[in-house]
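The same chain A turns up in both complexes below, where it pairs with chain B and then with chain C.
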Partner chain A sequence: MDSSKKTINVKVNGESYEVSIKPKMTLLQLLRNELGLTGTKQACMDNSCGACTVIVNKMAVKACSVLAMQVNGKEVTTVEGLASKDGKLSILQEAFLEHSAFQCGFCSPGKLMSSTAMLDELENPTEEDIRRDMEGNLCRCTGYVQYLEAIKSVVQKRKEGKI
Partner chain B sequence: MKDFEYFSAGSLQEACSLISQYKDVGKILAGGQSLITLLRQKLISPTCLIDIKGLKELDFIEFDKKSGLRIGALTTHRAIEKSPLIQEKYNVLSEMEKSVASVQTRNWGTIGGNLCSADPIGDPAPSLIVLGAKIKLVSAKGERVVALEDFFTDYFTTIIEPDEILAEIQLPPPAPNTAVEYMKFATIEAGIKIVSTSVAVTVEAGSDVCKDAKIVMSAVAPVPLITKKAAEMLKGKKLTDDVIEEAAKMAASETDPTTDVHASAEYRKEIVKVLVKRATKKAFEKAKKA
Partner chain C sequence: MNERSVVGKPLPRVDGKAKLTGRAKFTTDVMLPGMLHAKLLRSPLPHAKIRSIDTSKAEKLPGVVAVITGKDTWGIRYGFVDTPNYPAEERPIAEDKVRFIGETVAAVAAIDPDTAEDALDLIDVDYDPLPPVFDPEEAMKDGAPQIHGEITRNTSCAWEDWGVARKSHSYTPVNNVAARVLVTYGDVEKGFAEAEYVREDRSRSPGTSHMAMEPHTMVASWDPFEQKLDVWMNHMAWELKRYWLHKTLDIPIPKIRIHKTYIGGGFGGKAPCFDYEVICAFLSRKLCKPIKIELTREEVFSSCRNSHRFDINIKTGVKKDGTIVAQHCSVIVDAGAYKCSAPVAMFLSHAMCDPCLDRKNVRHEGVAVYTNKNFNFARRGHGAPQMRLAADAQYDQICEDLGLDPVEFLIKNLRKKGDVIPNGDRLDSYGLPEAIKKSAEAIKWKEKRGKQRDKNRGVGIGINGMFSGSGYWPFASTAIVRLNHDGTITLMEGDCEFGQGPDTTYCQIAAEALGLTVEDVTLVSSDSELCPMNYSNFLSGGMFVGGGAVYNAAMDLREKLLRVASEVMRAKPEDIELKDKKAFLKSNPKRSYTFTELMRYHIQKHLGDPLIGHGYKKAVPEIEFYPSLSKGTGRFTDAYGFTASTAEVEVDRETGRIRVLKIVVAEDSGFEINTAICKGQLVSQAVQGMSDALFEEIMDDEGRVLNPNLVDYEIPRAFDIPEIEVIDCSDFEPKGPWGAKEIGECARAAVISAVVNAVYDATGVRVMRVPITPERMFNALKAQEKK
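Up next is the complex of A and B:
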């Protein structure tokens, strides 16, 4: 049976890559093991916890449950791609820091990616929108309130025209 | 995960020809939101995957006043949830989709993949069955259209042949004087459902007598369960609280839930009573105004 490697082209955080991979490789393995982008975390590995959330063509997805073959020709953004090239953090990253929205930090990259995708899609999400859209990201330290406050603070700044 | 050969189909025709060639060893991959976990846990180990997720020809939502709604099998859950057309004509589907897994899963997972994975806790099947859904199955040999309620045969098992692909879901136009309600019970919205139910109620025009009713539930049997006796009890009657209560009790007696880490069988039966009661009442009130 032919299960030899296949070549895919994918853009990750603005950079184009051509990689040769086994078809069974997941997007999560591609990012962490092939491209060295270990900001995306590996946790439950069964499509439950959201720690591996990345953005593919503007949509948040769980990288453990997408085959790398399926992102051929697509654009992927990981937590490493949120800050600008000179290291300036994104507004959401700043808000997470301000609100101490981290405990152990393991779920944080996934939370940042989910909330980034949400704020790109919704101009002015309500608290219910935020809670609903963030349901796919579990925090085992139960630090839920702080990151909700962080996201809400960004929405508030938008309303006030500060960003 | 075991190695497998991978094909990305360029058209439905190509996918049909590939799966007819590899039907004994291959599986169709759509969004993979169930399949990849099954592969990783080695619950299944096909030696070949035929990826159809990129097929634009199966990614559509179309409505015609006479023939009704057609949803391509590769339409994502998220697209159904957000579709203005579905929100206007079949809002229960949009409401139901909001609670299918998480946003991430809805973004990548497809309606066809969900139905073919035939998980008895799946949300879409009961709502689609209540709405009278049919599905189109295609293969290199031809196509057939079957009622969705006849599709599921057991846990994770359907009537689909190894060389067939689910191509589209068809719904009749919204029925007059009818309302459909979806309700679920889960500890967290994105979590595993303990019970969910979809109820359709049709009233006689200009009266408050129930002309027709259908109640379908998930997570209480190996397949989406149609509680026929309970629905019969509603027909031809004014739906008073007592009538609805009796039907809800009947619905619970028709279920055959199992005990698992999420809830005991007894608890599930109790929840069935509550959900059927609430959903029927709400559907009835809405149908009178429809």
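Up next is the complex of A and C:
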């Protein structure tokens, strides 16, 4: 084995992995190139666009700016882990579909992960809370309006006790 | 079929589940066994001769598989405009000269991207710097450095392949002029003589980035046994990309397959042929290995196409009541190092204006000029945003000068539905009048215009017209609709999904025609081997042309089904209806046959024909080739979309910061096939237009892009988004599928003008240069105070 490599243990979308990696590998490279989880996207590589957002131990992080070494022993959720294995979308994914909250879809995985973490953290986020969370995720297609509507619809359903 | 059950509804997108679960495959997600990665060495100088390139050290780096330079690709030419008069001059790798910072001078293929990147540092290029020129007006002067020598006829162009008798010829640009356009109609001198007020203004729109979220990427895989190239790439028209790969690398068209991938945003920025695409395919064939090239965000900004900088001089003559009697527009297009679509852009800046208002006597002259900068292409509107800003800002000022109301000014100068405009295009649908009225009402124009300056608030209006596709190789879109065993259908159509929704809307169009649901449609799209000939869905040719082909194919199958049902049921076809995978008698719905039964019957009784629908559509049936770009004559499109936009802004006089409070987009895109997708297209353009007005500009210094990243090149984030109201002012388009026409490009230009004019209303200061950054606003306000 390459002596410069380190072994990490990480749980991704509920599955445990033991991976041997170069220390400089980013979490994004680990997910895409080593684990084949290409749902997480690379768009800027300088922490400015949010397309690579994933959840690490309940916190939304930009995977291009986190070293794979840093997730040793942690739990990572990617867009592939949102829907159930038998094909049922999460409530937020359903809302994105219903509100046409995406177009090209390249930034959608990052948005979904960021908003999922926000909705897990805040029971009843205000529009201000939602927009603040959305700030980290650039989108060129949608103009954010239907994306905002989708998240608000989930909050509204919560208020009505529907979910 | 009077009641619409599938079209006109906000149905969920068919690409949704794939895109929201991470399963949607984009080019960047394609990973093939044994795949190598290539990186490109970019020129650090804006203008220089290449004396020599030493690649020996790079070749020796472990992991490097090949290094290529211009010597390997010498003589290969391509270009977006490649006509007898304007032969192509772009090349995949610089040969003996570089013309802009960021031009490719060598490429390295290696076992991984890091190794390829490291190898770039080991390539020694010996440059002999030449004097550069960056400003188009400087470049046109006598004695300016000449960027191109003779542009030789190298590849035979699409025109020749399609039967144009004229051969392309070599030419040498004089004073860096890449192309000229002159469109005239009426009598401009007489018009100005009759004018009671004449105003002349200058405006500038800068180069901007399309900034699609997915950076440009390509994977090519050459099969040496089949002599075949498999390709996954960022594109907006595979038919064009395949044609360019065929021409540049001399591979037969059927031996190139562009596979379907989802495209992470386009906005025009992925339509032309790129250096890295030819290089990727070249390396794959040379090495018989799959090659991937993923550009960095910096390369996208500095070395891929941006929008054109336009400097416009506009002179308009009006009567005192605001009737336009003459207009003279002179546009200078900063082409950059290669002409790409510059000849088209300056023609389109006229062509998009012409359907909006009747200006009676018009002279539109344009010149595209080579400079030592990265070069440019269409961005969402292609010439219209730049021209509309010049015109609409001037109209706003004319109204101020003459004491007229800008909304009434626009209404006074409107064309009429049914008008034939000077090039011969007829406005069968024309929702602009209603759009102007409704957008004004929605912003409370009468209550607010000119009445809020004490609060530093103002409202403004802008308009635009946009073609629904135009004559362009390969001219036709085609579609096939197969009837399946269970009565569902399989739709095969080539348009690509880059976010604007054709996968969904085309399924709706076909389902409606056959009484089916979207779930009954299996879609095969955007694959060059599985789909029939495809005109493409950039240049707003999607819905009207591609969607039109789908409509015609589905109607073809409908007619066949009705015919066989009439035979089986012994009834007239017009007495039969199709619904729920059945044909039934309108008068007695219980008397029915399933599509499955009809298919079985037809196979048995009609020589095995399983019922396949086939349809096609040509953007402009009356013209064989392209309209004349240099003279602007000839039919151009069969339907125009229209937008009127209004905006309200608030200006902070202390900081110059402008806050947009509300944007209204009133749109005539014909019948809306999917109302949620249409809303998405309009909101998208409202935000992009606002951003053009206030944020976006490619900044450069001595040819170097200063803001090639998403921190320094600001695009709107969630907190920047104002209230946006979208109003459907659709006028049914008789030639469109179910009455639809384009929606993807028109609104952006109207929004830019609306915001800029609102800034004037708020401040009394006219800024004719976008973006109106806080600094520009602040300086303009200070200049006003000094007066």
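As a working rule, the second predicted complex is superposed on the first by the 158 of 163 C-alpha atoms of A that agree within 3 Å, B and C clash if a C-alpha of one lies under 4 Å from a C-alpha of the other, contacts with A are read in each partner's own complex, and residues count from 1 in each chain.
Following the convention adopted for this analysis, a contact is a pair of C-beta atoms (placed from the backbone, for glycine too) under 8 Å apart; a residue touches a chain by one contact, two chains touch by 3 or more.
Bear in mind that the values here come from a model prediction, so they are computed numbers and not experimental data.
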Counting only touches as set out at the top, which of chain B and chain C does A:Glu135 meet: first, second, both, neither? both
By residue count, is chain A touched more by chain B or by chain C? C
Pick one for A:Val19: touches chain B only (first), chain C only (second), both, or neither. neither
Applying the touch criterion given at the start, work out whether A:Ile91 contacts chain B, chain C, both or neither, answering first, second, both or neither. neither
Answer with first, second, both or neither: which of chain B and chain C does A:Met45 touch in the superposed model? both
Shared contact residues on chain A - chain B and chain C: 45-46, 132, 135, 137
Chain B partner, complex, touching residues on chain A are 1-3, 6, 22-24, 26, 45-47, 50, 53, 56, 59-62, 64-67, 69-70, 72, 114, 117-118, 132-133, 135-137
Would you tell me which residues of chain A are touching chain C in their complex? 32-33, 36-46, 48-49, 51, 78-80, 82-83, 89, 93, 96-100, 102-109, 112, 130-132, 134-135, 137-146, 148
Residue numbers of chain C touching chain A in their complex, please. 10, 12-13, 15-26, 28-29, 31, 210-215, 262-267, 296-297, 498-501, 676-677, 679-680, 683-688, 709-711, 715-719, 721, 724
Complex contacts: residues of chain B adjacent to chain A: 1-6, 8, 29, 32-33, 36-37, 39-41, 47-49, 51, 53-54, 78, 98, 101-105, 107-108, 188-190
